[in-house]
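Look for chain A in each of the two complexes below; its partner is chain B in the first and chain C in the second.
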Partner chain A sequence: MDTIVASASVIAAALAVGLAAIGPGIGQGNASGQAVAGIARQPEAEGKIRGTLLLTLAFMESLTIYGLVISLVLLFANPFS
Partner chain B sequence: MTQSNQTLETTAIEPENNADDSPSATNDRNSMEEYYQLIETLLITTFAVTAIIVVCVWIFYSLNTALNYLLGSCVGVVYLRMLGKDVERLGKSSNGLGSRRFALFAALIIVASQWQQLHIVPVFLGFLTYKVAIIAYTLQTSAMPAKK
Partner chain C sequence: MEMINALNVLNSFSLAEIEVGNHFYWEIGNLKIHGQVFLTSWFVIAILILASLAAIRNVQIQKAPSGIQNFMEFVLESLRDLARAQLGEKEYRPWLPFIGTLFLFIFVSNWSGALIPWKIIEIPNSELAAPTNDINTTVALALLTSIAYFYAGFSKKGLGYFANYIEPIPILLPIKILEDFTKPLSLSFRLFGNILADELVVAVLVFLVPLFVPLPLMALGLFTSAIQALVFATLAGAYIHEAIEGYDEEHE
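For the complex of A and B:
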């Protein structure tokens, strides 16, 4: 693999997973915090709150996963090599 | 007369004391049962969608691609189960949302990219099968909210 392509791929992989983790990280923190506060206020609605949180986190984590896939493909199955 | 009043008081107070413990505990248990039922529904839906897609891919593409899809889907089910366990533990223990799930997914993609028998695209699409189940559940509950 060309040195320039290899170094650009590594930088792109780092940027992909790093940038893709920022937004979902903030969103997951906010959602989890609000959910725990909601459970503390209404313990009888714990199951509903946790269920909604599960669905929300699954959607948010998939955004991180997309970035992770791009970075792993660039590192281990680089199409430009 | 006073004795009968005392017995009335005790009979009036006793259920109240029990009412502090049992109904809230029962509500909590019922509430968490709803959550466990949601996870079970998602897992069953994921398995059903996986079975349908694996058979279709086997018929229209090849057995190898279908097995790749099946592998990705199995890892997706494990991922969803780990996410469910993490959400269940959230707020009860000091551990936050762990990142072991991402390690599982990264290992899957690395194995798929390094092993010649596996292809990345069907494995990744198989992994995303759990999202189909989640979207179906969300659409169902938003279309029929009274049923839940």
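For the complex of A and C:
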């Protein structure tokens, strides 16, 4: 592999995960905050809120995972090498 | 690849190998298949079949069920609740086997990858891991889901299924067609990425600190892999429901 291609791939892989983590991070923070507010307002609904929260968190998490898949492709199955 | 291999040279712990993109190839005719995935999938399938057989061996109908029968009834009931929550009371029954099988296969695969010390067993060129950490497995499962929701739509509405694409307004047609491609793509990438990420994180941590430190992350891995199985099954149910229900019925 070219040195320049290798270094560009490594930087791109890091950026892919890092940038992909920003949006879901904000989203998960919002969702968790709202869930905590919901539980504080209505403690008896805790079980339902927790289940829904975990499911939605998994959905947001998958956005970061897409970035991770891209970076794994760049690191381990690089198409330009 | 070379960087990780350089790390592996330093690594005397055989439990902490990091191998991505190396496969244990079997050649069948002109096909090259990933042998390690087959071995672990067969193992998972065997576990599921043996558990079902054990549960129906001494079925008690009169008395309250106990032991493994009790457990399997609990599993079945949770799966039924899952399918019913997505598909509704009237439609869920024919799709329960499909959604239930998806959930059980993915769940047992993910947990077998995390709980069974596969890395102890040496195979050439690769290592055994959860079947779902190979993209081919997850793509196959996602394509099955696509076929299932197309079949559901066609069997319910015939060619009227295509009316879904221009409802509520025809201008959404390109997006709806695009959705048919993004659904399997996102399903497969989500599952593959999550499982692979779990295993990589654990492997890297084991490589740095072999004892005790990786344990909390392994527990987190168990949790996320269970959630991912749930998400996959839930989404499969939601897609099938979307194909069965028309726009009008949904918004009555």
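To be clear about the criterion, the second predicted complex is superposed on the first by the 81 of 81 C-alpha atoms of A that agree within 3 Å, B and C clash if a C-alpha of one lies under 4 Å from a C-alpha of the other, contacts with A are read in each partner's own complex, and residues count from 1 in each chain.
Basically, contacts are C-beta pairs under 8 Å (C-beta built on N, C-alpha and C of every residue); 3 or more make two chains touch, one makes a residue touch a chain.
This is a predicted model, so every value here is computed, not measured.
Chemist: Quick one: is A:Glu61 in contact with chain B, with chain C, with both, or with neither? Answer first, second, both or neither.
Modeler: both
Chemist: Give one of first, second, both or neither to describe whether A:Ala77 is in contact with chain B, with chain C, with both, or with none.
Modeler: Once the two structures are laid over each other on A, A:Ala77 reaches both partners.
Chemist: Determine, under the contact definition given at the top, whether A:Lys48 touches first (chain B), second (chain C), both, or neither.
Modeler: After superposition on chain A, A:Lys48 lies in contact with chain B alone.
Chemist: Please work out whether A:Ile39 is in contact with chain B alone, chain C alone, both, or neither, and reply first, second, both or neither.
Modeler: A:Ile39 contacts chain B only, not chain C.
Chemist: Quick one: classify A:Ile11 as touching chain B (first), chain C (second), both or neither.
Modeler: After superposition on chain A, A:Ile11 lies in contact with neither partner.
Chemist: When both complexes are superposed, which of chain B and chain C contacts more residues belonging to chain A?
Modeler: Residues of chain A touched, chain B against chain C: more for B.
Chemist: Between chain B and chain C, which residues of chain A are contacted by each of them?
Modeler: Of chain A, residues 54-55, 58-59, 61-62, 65, 68-69, 72, 76-77 contact chain B in one complex and chain C in the other.
Chemist: Can you list the residues on chain A that touch chain B in the complex?
Modeler: Its residues touching chain B are 28, 32, 35-36, 39-40, 43-48, 50-51, 53-55, 57-59, 61-62, 64-65, 68-69, 72-73, 76-77.
Chemist: Under the touch definition given earlier, write down the residues of chain C that touch chain A in their complex.
Modeler: 1-4, 20-21, 186, 189-190, 192-194, 196-197, 200, 224, 227-228, 230-231, 234
Chemist: Chain A touches which residues of chain B in the complex?
Modeler: Answer in residue numbers: 24, 27-28, 30-35, 38-39, 80, 83-84, 87-88, 90-91, 96-97, 101-102, 105-106, 109-110, 113-114, 120, 124, 128, 130-131, 134, 137-138.
Chemist: Mind pulling up the chain A residues that touch chain C in the complex?
Modeler: For this pair, the touching residues of chain A are 1, 54-55, 58-59, 61-62, 65-66, 68-69, 72, 75-78.
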